[in-house]
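Paired with chain B in one complex and with chain C in the other, chain A is shared by the two complexes that follow.
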Partner chain A sequence: MRVSPLTRRLTVIFLGLALTFLYAPILTNFVFSLNSDRFPTIPLGDFTLEWYRLILADALVIDAFANTVKIALIVAPIATAMGFAAAYADYRFNFFGKKLVLVFALMPPLIPLVVIGLAMLAYLSRIGLSGTLPAIVVSHIVLTSPFAMAIIRLRFSQIDGDLEFAAQNLGASNWRAFREVIIPSTKTSVLAAFLLCMAVSFDEYAVTWFVGGLEETSSVRILSFLQSAVSPRINAIGSITFITSITLILGAQVLVLRRLTRA
Partner chain B sequence: MNSLTDITAARTGAPNPGDKRMSHAHISLQNIHKSYGEALAVDRLDLDIEEGKFIAIMGPSGCGKSTMLRMLAGLEDVTSGDIMREGQRINDLAIWERDMPMVWQSLALFPFLTVRENVEFGLRMKGVGGAERRSRALEWLGKLGLEGYANRGIDQLSGGQRQRVALARCLVTEPSVLLLDEPLSALDAHLSVQMQGELKRLQRELGITFVYVTHSHSEAFSMADTVVIMNQGRIEQAGSPEDIYLRPATPFVARFLGGSSIFDCKTRRRKNGELTLESTDGSFSYTGPELVEQDEGDEVSLIVRADQISIAPGAGWAENEVSARVVGEEFVGALVNLRLETAAGTPITVQLQQRDMQALDIEVGASVTASWHPEDGHIIKT
Partner chain C sequence: MTTLISIRRLSRLAYGGLWSLPLPLWLAGFFLGPMILLIWLSFWDVRNFLLTPDFQIENWQKMLSADYFWAAYLRTTLIALSAAALASLIALPCALAISFFLGLKARMVVLGLFVVPFFTSYLVRIYSWQIYLTENGIIMKTLAAIGIDSGSLLNTPFALMIGLVTLTLPLVIVIQSISMLSLDKTLIDAAYNLGCGPRRVLFATVLPAVRPGIVLGALFAFIFSFGDFVTATYLGGGKFTTLSILIADTVKSGQQWPRAAVVALVMIATLLISALGAISYAYRRA
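Let's turn to the complex of A and B:
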């Protein structure tokens, strides 16, 4: 497309402003986590890793990180498996009410988190699970599996619907055709979905705060810190959490985009 | 009807129970019904397919031709009726047990495998060892002119090459029957004609049964030993291409093939080997071979092929004359297809040589007289 130099310059400026608006706070957060001053002020003090040392010595923070990792590692495989099953059912089968089922399957991320949090809390406390790690796991599966389904469905939408039948037509049994055709065709998108589920589980705090009780994940820990005192330790935890989840999300993006450009 | 093929189309009523015909038919469809809820896709269909024949099934979209092929492959269940193969009922065999490889309209090649791996797939499923698999796949790639492409990816091939890979993938297991679902529809006209020749040659050399579904007249008539014309889940006519072209069994077949004019008539009287047909376009005399089968007062369709009709500027020159107006013309090489319409609204198609057209000096909107010989034409009872 041809654009005038002025339009091009304005577009670049606008894009720069938008990106700055999005990422400046996160960058600031990162800078102050390495700053020796107690309060986030300019000019900056000295470079220090003191705040990271402090949080790594804090048992509450270590517990929260351990919980976060534990939960993510349980949530991601289960949510990915469920998302895959739903996406495969959509690809392979036609049944009455399919659209309705898909709408319900994709809905959880669209419901306000406070509503889900409250509903989960009420339900989980009735069955005696509230305030436990399994409660957080269950909630996170509800929240993340739609993402897994969406990513894997995107991949299925690019696969020729006859492919699996073509394998069967050449002598592959149902299971064999699945193994020979569906697994090789979808494995990268399954990995991408897995990473994204981990990232969402890492970041989630609202519902976790509702159902977790005394069990904390790192994002809930940040919230607790904020409620008690302003400390550059928050910046340090925030930076670690951000780097972890952005790595997971970028990993997922790369896998999805690579598929799209090749197709 | 072609003496080598024994195709029976039961168009009305239940089939004769004594008529099992399973002795020599390779594949036999017996009284097949297929319905989706209320909708009937295939209705009381009987068809015998001879071993080693090229059979083309054609009809308008939604006529049930693809459903029939999918039932053969096991992709669709049969609502009722039997599918027999060499006398064995195969209704309940799973897709992977049928051994009827199919060339898909979408080709359905595996994009994550190389050309050779695609061709080897069927052999691998059958448990053929690596070395033999490889040599057989390469042999077939060679036969189809794809020697240098074994290690390429599918997305590095042209449309025609993919077509050949799809064929090689099916033929490498040496099946006795091959199913083809509009395989040439994605190719351009030139490549399609070239592939038609190759398909016919392959089928003749291998001597295996081809069941070929298409909506293209030229594909069906240029390759098939037997053409089956379907409409609304039923077989309208099955026979050799020549038979169907010269003697369409129903007005639908004549209309579907095109190039003919159809007059709805009532038979009047028969004397001295001549039949008079009354229609809204006037009365015609008929002395052709179907004369003896007609009774007085029958409702019939008179089918006259475009090449049997000639036109003149005025009346009084021939026996069966209809005056009509020229509504369209279409140039096909040295020939012209002229579309006429009578005062009663009956469409007439005439085929002329370009130079005759020029000699007559006709243009769209002109009034002309169309005529044909009483011994030409073909009568169908309606």
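Let's turn to the complex of A and C:
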């Protein structure tokens, strides 16, 4: 668009302010996690690692982190595999009611978390699962697989649909064509989906809080801390959470973007 | 020969089913199932503190005639509408800057930077805002230093908007940007060639053309704000009881799940109607 340089500059400055608004809470969190004062305020106190030492000595926090990792490592492969299967099926086959199935598969992230939480809690208690780690795993797969499907489907839309049939015409079986054509061209997006699923599972607090009972993940632990009092320990756990999820999301983005820019 | 063909057909069917079925089956079992149970649950009875499957409409009658329910409904809707409007307004200049004023590389990096917060611990970010907004917080102290004395900003509508914009802004910016980036650039050039000024180009050409993106962005902001309970709880300080808080409190403090189910179903109905309305408006022929 042709606009005056001033308008252009002001708009870009506004964009910078929006980014600042979104990243300021993340940055202050890191600062206060290393600050000796019990109540987070300025001027800052001394540099300390005390809050990290405290949470690392807290058995509840350690258990919660162990649960989080365990759950994410089970959820991510299953959700990615199912998301991949659904994306591939959508790309390759036509069947009755496909649109409906797709809309349905993309719905879970759009339903309010407390509503899913309540529905899951009622359902999982009926089948005797509520309050267990499997309950959390089952719900996280529902919540993460739509993301996996979306990312991988995006990649499929860039693949020439005739390649696979060409391979078959040259005598390759379904599986051989799949192995030679589909796997090589989708493996980066599958890895990206895997990382994204881990990040979403890692961050989920609401449904986990509903169905987990006494089993806690690190996000639910943060929720419990929030309910009790202000404490720099929240900042310390928060920093660890931020670093983990930012790493996962950036990893996923680099994988997706590398593909996009190369294509 | 016929058997060979039928075997081949069978194996094709099996191949197709293997890929098509897992996710739909999983979602049928663990998403559709719970949702259907939720509907049934709203007709259950609670006898002697025990949930009892039943088919009675008392929960619906009780909730739909309760003043506090409708007060919460109105409050939640108003808050979500304001947040959606605010996030859309803030996002618009940002999306314009990303789509028209940044180079290709900068555009990718900035869009990436907006995607990150959407997936990054919302809980902790709200806690950080709590620290900013408390009486002894950074904002108060700065304001006091330049001579402005405002009470605590926490537990005010302003704090709610901060929290909900934090939640929804990244998504709205990304959706608006995608819609602006897919805009046919010759349209803009044509408008300039016909003698339109920048303002006219924006309001008569760009904005109408990206209406679907703007409406969908606002819709997503509305959906997420409508369902959120973290901001209302930790930045609203319990002063703003929303429908989500109503559900969370009911479930976490007792056995009145059927009544919570009524609230949940009213929420889903509201969101479905809003989504259908917004989508049909977004893609209506101008």
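To be clear about the criterion, the second predicted complex is superposed on the first by the 260 of 263 C-alpha atoms of A that agree within 3 Å, B and C clash if a C-alpha of one lies under 4 Å from a C-alpha of the other, contacts with A are read in each partner's own complex, and residues count from 1 in each chain.
Keep in mind that, in the parts below, a residue touches a chain if its C-beta (ideal position, glycine included) is under 8 Å from a C-beta of that chain, and two chains touch if they have at least 3 such contacts.
All values derive from a computational prediction rather than experimental measurement.
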item: Partners on chain A (chain B, chain C) - clash or fit; value: fit
item: First (chain B), second (chain C), both or neither touched by A:116; value: second
item: Touching partner for A:222 - first (chain B), second (chain C), both, neither; value: second
item: Dominant toucher of chain A (residue count), chain B or chain C; value: C
item: Contacts of A:103 with chain B and chain C, given as first, second, both or neither; value: neither
item: Touching partner for A:66 - first (chain B), second (chain C), both, neither; value: neither
item: First, second, both or neither for A:39, with chain B first and chain C second; value: second
item: From chain A, separation angle of chain B and chain C (C-alpha centres, steps of 10 degrees); value: 90
item: First, second, both or neither for A:168, with chain B first and chain C second; value: first
item: Which of chain B and chain C A:176 touches, first, second, both or neither; value: first
item: Minimum C-alpha spacing, chains overlaid - chain B and chain C, in Å; value: 5
item: Where chain A meets both chain C and chain B, residue numbers; value: 174
item: Residue numbers on chain A that touch chain C, as the complex places them; value: 1-4, 7-8, 11-12, 14-15, 18-19, 21-26, 28-29, 32, 39-42, 81-83, 85-86, 88-89, 92-93, 95, 101, 104-105, 107-108, 110-124, 126, 138-139, 141-142, 145, 149, 174-175, 196, 199-200, 203, 205-206, 210, 219, 222-223, 226, 230, 234-235, 237-238, 241-242, 245-246, 248-250, 253, 257, 261
item: Residues of chain B defined as touching chain A within the complex; value: 73, 75, 94-96, 98-102, 104, 106, 108-112, 121-122, 125-126, 169-170, 173
item: Interfacial residue positions of chain C with respect to chain A in the complex; value: 11-12, 15-16, 18-20, 22-24, 26-27, 30-35, 37-38, 41, 90-91, 93-94, 96-98, 100-102, 108, 110, 112-117, 119-132, 136-138, 141, 165-166, 169-170, 173, 188, 192, 198, 201-202, 206, 223, 226-229, 234, 244, 247-248, 251, 257, 260-261, 264, 267-268, 271, 275
item: Chain B partner contacts - residues on chain A that touch it in the complex; value: 160, 162-163, 165-174, 176-177, 180-181, 184-185
